[in-house]
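Naming follows writing order (A, B, C and D), and every chain is counted from residue 1.
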Amino acid sequence: MDLTYTEEEQDFRARLREWLAAALPTLPPRPDPLDWPARRAYDTAWQRRLYDAGYAGLHWPADAGGRGATPTQHLIFLEETELAGAPYVGANFVGLLHAGPTIAAEGTPEQRARWLPPILSGDEVWCQGFSEPDAGSDLASLRTRAVRDGDTYIVTGSKIWTSHAEVADWCELLVRTEPVSAAVPRHRGITWLAMPMNAPGVTVRPLRTLTGTAEFAEMFLDEVRVPVANRVGDENDGWRVTMVTLFFERGTAFVGEVVACRRTLRALAAAARANGRWDDQELRRTLGRLNAEFTALWRLTQWNVSAAQRTGGAQGVPGNGGSVFKLRYSHARQELYDAAARVLGPGSLDLSHDWTPDRLSSLSYTIAAGTSQIQWNIVAERILGLPKGR
Amino acid sequence: MDLTYTEEEQDFRARLREWLAAALPTLPPRPDPLDWPARRAYDTAWQRRLYDAGYAGLHWPADAGGRGATPTQHLIFLEETELAGAPYVGANFVGLLHAGPTIAAEGTPEQRARWLPPILSGDEVWCQGFSEPDAGSDLASLRTRAVRDGDTYIVTGSKIWTSHAEVADWCELLVRTEPVSAAVPRHRGITWLAMPMNAPGVTVRPLRTLTGTAEFAEMFLDEVRVPVANRVGDENDGWRVTMVTLFFERGTAFVGEVVACRRTLRALAAAARANGRWDDQELRRTLGRLNAEFTALWRLTQWNVSAAQRTGGAQGVPGNGGSVFKLRYSHARQELYDAAARVLGPGSLDLSHDWTPDRLSSLSYTIAAGTSQIQWNIVAERILGLPKGR
Amino acid sequence: MDFRLTGDQRALQAGVRALLEGRFGRERLRAAVGKPGPGPNPPLDRALWRELGDAGFFALRLPAKDGGVGLGLPEAVLAFEEAGRALLPGPLVATHLAAGTLPGAATGESVVTWVDGELVEWLDAADCVLGPGNAAGAVPVRSVDPLTPLHRVPAGADGARAAPAPGAACRSEAAVAALLTAAEQLGSAARTTEAAVQYAGEREQFGRSIGAFQAVKQLCAQMLVRTEVTRSAVYGAAVTGDPVEIAGAKLLADDAAVRNARDCLQVHGGMGFTWEADVHLHLKRAWVRAERWPTAGEAADVLAGALL
Amino acid sequence: MDFRLTGDQRALQAGVRALLEGRFGRERLRAAVGKPGPGPNPPLDRALWRELGDAGFFALRLPAKDGGVGLGLPEAVLAFEEAGRALLPGPLVATHLAAGTLPGAATGESVVTWVDGELVEWLDAADCVLGPGNAAGAVPVRSVDPLTPLHRVPAGADGARAAPAPGAACRSEAAVAALLTAAEQLGSAARTTEAAVQYAGEREQFGRSIGAFQAVKQLCAQMLVRTEVTRSAVYGAAVTGDPVEIAGAKLLADDAAVRNARDCLQVHGGMGFTWEADVHLHLKRAWVRAERWPTAGEAADVLAGALL
């Protein structure tokens, strides 16, 4: 059990910190959150800066154009960028975190050469077309159909919860190429396609959430033609292609968020001290308990990263370990913003306090990427070995 | 919505209160809780007093020797006896609350004449032989076998969680008279028998619980002969015979307990005030919240009793309404005794404080008579109409 | 004793429900909510307000000799429960309490609000602002609830917290306001329970309706339990009018409304997270009502004090 | 950074586990527990105590030059976690802390206890009582935990709460004691998780193993989550030795041990309610440890103060 960083890791941190200190003051002001083109421009410009400085694709394998950094270096990178207040990965999320690694792992040399460099340099933005209105937690029940017509697929259907769809160049799309039947179980018959977002037949409609903003979109596909050459992996093998990367977790998924939550918690204490609610022992102890909670979640992050590190970083930690983290973190985050509401008192009803929209957003954490109910099943069956229910 | 009692009800309460005031001071001292014969004697003597005063079988129909009291009168009776500190129903529980009503509803005239009067007068004590080690929540999977031999059944098997088995005269016993098969679903093939506890082959072994005392027993049955005349209802119809009464609930099941919990809560506040822990705002508010909780549970009791009253008391409230009450009450009771532990502080580790063994007992409330997990299913399926799982 | 609703009470309940379904059904609700984002405060529907007045919603507890309906707290609680179910907007509690004191309140011709601590609901729409607090200089707030415009009174002007209603009967008026708020929360909790059950029965995942999953059943059952326990508490407090019991009812009702809305959202999954689903409206309104006196902490203090 | 256990640490963990399984397996545990009810306090197994001493359990952190094993807090935490798993009785923490100070403690020849607030564990068995508090006049208590005899010091003699260990290094010794207690709680939480999972896989109801039911899965999964989050907290605190982090570890570990024992009981149903099942021993011991400094409230106060 060693929480000290190696000399190499400390050196990595020091150089990063130095670079961030120089780079961040030169950034333009943050764009209006409702102006999607401006957000894309801001996010990709930051990605370009990272690229030029050699920090792009830090966790990607070297042969995919990445730095092949260890999970610990990745943790340091995420921690330091968050501490420094650097921009988030934003519009580059899908490209850097999912579509890119999928192409790196399963794509042909041509596909890798075509798609990976512009992701790293921030020239191209990807979005994700997986979820459908009737295929939420049960992703494999997706219905968007792709019919082969010579060297293209003709795709029809709809997708939902697509971030950055308005400004993306590409969409990593899951489609059904063979209908479900007795012979074809639901996880078969799915194919992974890279769909150009400017293809005729693609309609994007902003999807407003309960926060009042449109962080997501719905996507309607009406006979969209996608070249067969854009298929990654075999036809009907898209489930496996996707899952390889979806469950590739090096324990770093929530590093920035945990760092941010710990900062928010200290800000809550300061605000309570300032407005007199610190005298409420019950509230004060709630904040104290959250201190224990987020300190533990930080240690659990280091634990998971260490596990990934030990396997050389290449295999990552089992996605199931991520379920343990996500279960606890999603609830802790909701408790944090409930505590924020108590610190604000009546002010918690005012959306001008950042903590109020953040509280609204926190409600999605026990739902998105697998509800807590489903995560409990995953933990019970895959880690604890309890029998499958049905 | 009327919470005032009718003149008749007030009169009933006044006379009961008067009688209790006169009767209770003449009671002998409470017996040692580990001395079962003494407990039986104490409990049945109290039952005899009730009998002589006309309060025995208050809620039983008049044609079974009861008073045919309304659910509200029964509520008043339970409330007043608890407030006055009268003895509990104790050893008479099974006879008065389950076996008796079952015989009253399903027995032959001869069976009613034989068994009901001594229950009311306290002359005979019953125990219950339903649960088995492998048939807990899934009662219908019971395995104790009864084989017909002329005019007797020969019974072999074992039962568990039998209260007062050491001192009971009779046992209401569920046995399997037909093995489960494709043709015989688990709820069929069960028969209800009145077994004399002094029959050869009956062995009773005290069952110690985590409280350290033996409130229950295991019962081993080795070729016990039970006359066919002791069967209530038809052969293989015992499940229905039992359930008619088991789910017969007039909302009064927990009247005494809720009254007692509210008294305990006030005692906790007084103790906290005395030992200084009242200054702990978090604890104080916990007690305040429990005040809301138990007030609400008292109102819910009155609500359920009113519902039973409206149907004339004869049908009772649906047992499902009882599930709502039990789910909340069992958790509230555990919270009450967790709060007691906080009031006691280190003293909560001392069994000499009554609240400590009571805290231990409270742990059974979310398990006994259907775990909370099973109660949630019952509420979801039978009240809310959600589809059965399996 | 007969705690159940009388025939008249059931008729009143059905009448208010029918009125609100007719005049403020889902379409009207969504039209009032509109699109998210900054913009002028939603206007109060004056015509509906007068119809509520005509139906006796505000004059319910006013003696018949004063032109009222002459009913009691239990009936008012039933009416406000329906308002909570329907997410009916407007300063209902303040206007109801002002009936008989302020001209036009009983009939719905006036819209009355009050200063409750730091916040004032529906200040722009109100004809009259009550309360020992002062709304002068109050500034608009970006309200979390799209159907409850809020103003904040300047720091220092606050002083109205424990007495949100005017006159000599301050304390008991505050208790009645708390009770009616609790009734609204109860209605909301009941509604989100129904919505969750309905969705769980319809939505299919993994080849069957999600309501067949034990995890979803557990959520729905817990919602029902919360609702029914709260119902007993609110109705009981309405019958006794006891201020401690009212504090308990408010405490339980706030908790039930907020937690049921969250569980309803959880059952709905991603679909519940959209602006188009109604569940967020219940949650946000429940948050607004939970901030009215007494909050959870204030109620717990009252309830604790009563134990000694 | 490599937070995972080193090979040596895994070997130590396995060694302590094997020692305790061999010397204090289930049969020995149940023999020590005996029948419930009043009677003399259970005796401390002096032979086992010396074996623990021989194995370095008490001298683990003592420098090699002083005859110790020369290891650190992380290793001590691993050893105490195993003690918690096995429900090993005795004043382990006090004796461990006295190693190097009191003759015989390191080797297990002496049994050392201390006065922690109102209570003293294993007073009759102890050769030495530490702490600024005074055990004079202490009276025996009917301990809820059949394997932890307790005495209560007379009112007024209490003064040792925040400093349960002697000497100048009081504060840090108290922190180490809290950490080792947290490690015991962690071991207990992990053990009850395993017990629940095992029972859920074996017990059949309604024609299948109860572990196939989502409601049972949820309980077991929550137990594992609690255990693993606690493990990170306890191990992290062991590495940093930071007193605030230790308070957090104790807080989470108390909660995990108590709640896991309760959930384990819930999974076991009636069978868990018997004296013969081990789950009540875990719950009762967890309650005893939760009363050691810092309790939940004390820890939350420390953690809150550190936020400013």
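Everything that follows uses one rule, which is that a residue touches a chain if its C-beta (ideal position, glycine included) is under 8 Å from a C-beta of that chain, and two chains touch if they have at least 3 such contacts.
Source: prediction; values computed, not measured.
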item: Co-neighbours of chain D and chain B - touch as defined; value: A, C
item: Most remote chain, CA-based centroid, reference being chain B; value: A
item: Which of A-C and B-C has more C-beta pairs touching across its chains; value: B-C
item: Whole-Å separation of chain centres (CA-atom averages), chain B against chain C; value: 39
item: Chain A and chain B: spacing of chain centres that average the CA atoms, whole Å; value: 54
item: Separation of chain C from chain D, taking each centre as the mean of its C-alpha atoms, in whole Å; value: 49
item: Of all residues in chain D, the ones touching two or more other chains; value: 213-216, 218, 297
item: Overlap residues in chain A, where contacts from two or more other chains coincide; value: 280, 282, 285, 373, 376-377, 389
item: Graph class of chain-chain contacts, one of line, ring, star, complete, other; value: complete
item: Complex interface listing, chain C residues touching chain A; value: 35-37, 117-119, 141-146, 150, 152, 204-207, 213-216, 219, 262, 265-266, 269-277, 279-280, 283, 287-288, 291, 295, 297
item: Residue numbers on chain D that touch chain C, as the complex places them; value: 213-215, 218
item: Partner chain B, residues of chain C touching it in the complex; value: 1-6, 9, 74, 197, 200-201, 208-209, 211-214, 216-218, 220-222, 224-225, 228-233, 235-236, 238-240, 244-245, 247-249, 251-252, 297, 299-308
item: Residues of chain A defined as touching chain D within the complex; value: 1-6, 9, 72, 265-266, 268-270, 273, 284-289, 291-293, 295-300, 302-303, 305-307, 309-310, 324, 327-328, 373, 375-377, 379-381, 383-389
item: Interface residues, chain B side, partner chain D - complex; value: 131, 133-134, 136-138, 141, 160-161, 207-213, 280, 282, 341, 345-352, 356, 360, 363-364, 366-368, 371-373, 376-377, 389
